[in-house]
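All chains are identified by letter, namely A, B and C, in their written order; residue positions are counted from 1 within each chain.
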Amino acid sequence: MRKILLFCLSFFIINAFANDEKVVNVYNWSDYLPDEVLQQFEKETGIHVNYSTYDNNETMYAKLKANPDVGYDIVVPSTYFIDRMRREKMLQPIDKKRLVGLSNMNPALMNKSYDPGNNYSIPYLVGSTGILYNDLFYPIGSINAWKDLWQEKYHDRLLLLDDVREIFSMALLVLGYSPDTTNPEQIKAAYQKLQALLPNVKLFNDEAVKAIYIDEDATIGMVWSGDAFGAQQENPHLHFVFPKEGYVLSQDSMAIPANAPHLANAYRFINFILRPEIAAKIAAGTGYSTPNAAAMKYLPEAMRNSEIMYPNAKILARAHFQMDVGDAADDYEKYLEQLKLSA
Amino acid sequence: MKPAQVSKALFTAFIYAFFYLPIAILIIYSFNNSAFSLVWHGFTWQWYAQLWQDSDLQIVTLHSVIVGVLASTCATILGTLAAVSLYRYKFFGKKLIHSMIFILIVSPDIVLAISLLILFSAFKISLGFWTLLFAHITFCLPFVAVTVYGRLAGFDKNIFEAAKDLGASDSKIFFKIITPLLWPAILAGWLLSFSLSLDDVIISYFVTGPDFNILPLQIYSMVRLGVKPEINALCSVLFGVTLLFVCISQLALKRNSVTNARN
Amino acid sequence: MVKKGHKFCFKNISVTLIWCWLGFFALIPTFLMLMTSLVQQGDTELIRLQLTFANYFTLFNSIYLKIFAHSLLVAFEVTIICLILGYPFAYILAKLPESLKNLALLFVIIPFWTSSLIRTYAIVVILKTKGLLNTFLLWLGLIHTPLQLLYTNTAATIGLVYSLLPFMILPLYANIEKLDSRFVDAARDLGANSWQVFWKILVPLTLPGIIAGSMLVLLPAMSLFYISNILGGAKTMLIGNLIENQFLAARNWPLGATVSVVLTLFMALMFLTYVKVRSKNTADMGDLL
């Protein structure tokens, strides 16, 4: 008994001291950073990384909002959440003088409207939302646009990403509206459009998308490019499509929360990620594209030439960066609830 | 055997099969020689070997066990005291305590998670080990209280009155009469708390800080890409340990079994 | 005198401890939730401190009533299946020889000491297009194309029944075990057939167990949303989803709080009804487990 007590005691003490300077608390999307990179960082710098994960922006936002002193040093929100969080002063401005290698970034992905001048965010990874289909079930080339998914022959076949903005972006693009619309009429129209799609929907998912496509539990539907790339490696029958109407380019960026306790270490971490060879490792490990132009030459051949990861300029012209929709988020959510109820 | 007996046996077997099939699958697939747990690729120990070397997973498991043991122990102490107090004493706000226990049982996890998160931030308690422990004690406590109270209600109240008349103090009655009589229920409450604590994702997710990760959260973030064999291996080990644990406690208890107390 | 002081001491210590703990970790949070349900949603802050009952009126919106009705329907379905499977099983268990009884019951509980997520994913492995069940049926030659079982309401129901069945079995077992078998024998001697024995004797005598088990299944079935998300393809909206969505995705904390306050009240109401039905004096919170 005494030994156990002693053990517990020493455990607390260790924990108390672990909170010292040699730590950085990273809060990232799940499966978004290869272990190898973390280990290399710890080995090089001697800084211990406390790595926690989230699966949607909302969860991360709720945790930070409800308890601003929660202690994260790095978070990786998507574009529209960077927009919201910087306006709500949840992020602190990044001192670019302390960064090394910022010039390596692809200028096409910098200085976007969600964070003019990149004062709060440094791009981490980029992905596109498109369509994935299996050629064992549907002929190659038969699907080119979002609107194709509405065809009756796909009854009970589709996988839709379980993300309210992604689902509505698809419908809004089909209708020719902006995916960031706050116009109630347009949102309603999108809702009605989606209602027509419901008979085709087999499932909503945002967590095991890759496995579901690989195992052919779904044979067609929406996908994030990183999952698509990974799934193709396992199942060569899968094909990715950049829809004709346009597509959402989601860019997740590193940011420093306003009350980050280990600021110096946070900068060291960002600088580490900015290194071209590290950025390449992350891109290779996750299947998403790197915003780091200098990293391209470190990528495996197959990735560098992958259309999914690095689409040409013509496709890129159809890309759309998501912005915050403010209070309209409520409307979107209400319609999604209504949609699922009629499913 | 009569047909009625055969159908009874078949039915019982069917229900047990229903309960154990998923467990059997996860144990079998923990030996599958493939990173994809779908098709059988032959037998391997490799996931167990990998588990043995995965120090991160071990630390996280250790964290979980420590929180589980501490939380269920504290919850058991508090829950037993609550049950005994509610059963024996009249005191200020008794109804309120009753309702609090009820509310804790029925509120959805996400509600408890968010309200505790607000509480901790209102009192500027930084998230981490302690907040996690407090939260776990809180959601385990009512289950212990209810289990113990259920057992207590089965006794004749006169036993305690008789003891009191014979001059036993309240603390003496508690330690010498109540506790020995209740200990199957107390043990059951502890086991229930421990399993609740080891299985909780939602509340833990919100109340833990960046420097303290526990097993359910780790499992949650790992199963997203399909269950990895390493997780299957870990769950098999935990299942084996639980089974061992149960067998030992069964042997120790013999007649006064845990399950008896649960009812 | 010493004794009296002692008593005072023990009672005070335990009551104070309970009060402190539940007061801080249950009463204050519940109060905070209640307050949250009475204020407005904020623009940049989560809430705006302005008293309103609007959230409660919003709940009468047809969507929310539908979600509530739908959750209740799903929960009832699951409860009835659990009852149909659980009653005979509990009966058989309760009539086992003394030496086997406890062991048999323990083996009902043991599977539930492993991670519920992992168990749910194990069900996915069984039901997948290329999963065990389909492989088996194809091998037997019973089917020629794989059945689409996963991501259907059936799959979600199977998952819920799997997770909640023990909560039906345990109270039923407790009740049936206490049952005096002489009632059954007497009825038989008086010429009642099995059906009559069941409806006229067993059901009324085990009603408390049936109700307790049904409560324990019904209440969680309304809020266990991750099972229906993983197995049912997230196509349905349960009360649990609604609360989570309001807190996280819609960032409408007041509405989320309102839903959970109403849900708690609803459950309390059901519990009180149960206490009334059960009988005037014997029911107490111990019946919950």
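Worth pointing out:
Note that in this section a residue touches a chain if its C-beta (ideal position, glycine included) is under 8 Å from a C-beta of that chain, and two chains touch if they have at least 3 such contacts.
Nothing here was measured: the structure is a model prediction, and the numbers come from that model.
Among the remaining chains, the Cα-based centre furthest from that of chain B is the centre of A.
Between B-C and A-B, more C-beta contact pairs are found at B-C.
Centroids of chain A and chain B (each the mean of its C-alpha atoms) stand 35 Å apart. Distance between chain centres (mean CA atoms), chain B to chain C: 16 Å. Among all residues of chain A, those that touch two or more other chains are 59, 62, 66, 215. Looking at chain C, one finds that residues 128, 130, 247 touch two or more other chains. For chain B, residues that reach two or more other chains under the stated contact definition are 38, 114, 118, 223, 226.
Chain B makes touch with chain C in their complex at residues 8, 11-12, 15-16, 18-23, 25-26, 29, 37-39, 78, 81-82, 84-85, 89, 91, 93, 96-112, 114-116, 118-119, 122, 134-135, 137-138, 141, 143, 145-147, 149-153, 167, 169-171, 174, 195, 198-199, 201, 216, 219-220, 223, 226-227, 231-232, 235, 238-239, 242-243, 246, 250, 257-260, 262-263.
The part of chain A that touches chain C in the complex is made up of residues 56, 58-59, 61-62, 65-66, 87-88, 156, 162, 164, 201-205, 215-218, 327, 329-330, 333-334, 336-338, 340-341, 343. Within the complex formed with chain B, the residues of chain C that make contact are 3, 6-7, 9-11, 14-15, 17-19, 21-22, 24-30, 32-33, 36, 85, 88-89, 92-93, 102-103, 105-119, 121-123, 125-126, 128, 130-132, 162, 165, 170-171, 173-174, 177, 219, 223, 239-240, 243-244, 247, 253, 256-257, 260, 263-264, 267-268, 271, 284-289.
By the touch criterion given at the top, residues 36, 38, 66, 70, 114, 117-118, 120-121, 124, 126-129, 205-206, 209-213, 217, 221, 223-226 of chain B touch chain A in their complex. Within the complex, the chain C residues that touch chain A are 41, 43-44, 46, 63, 66-67, 70, 128-130, 148, 150-151, 229, 233-237, 241-242, 245-252.
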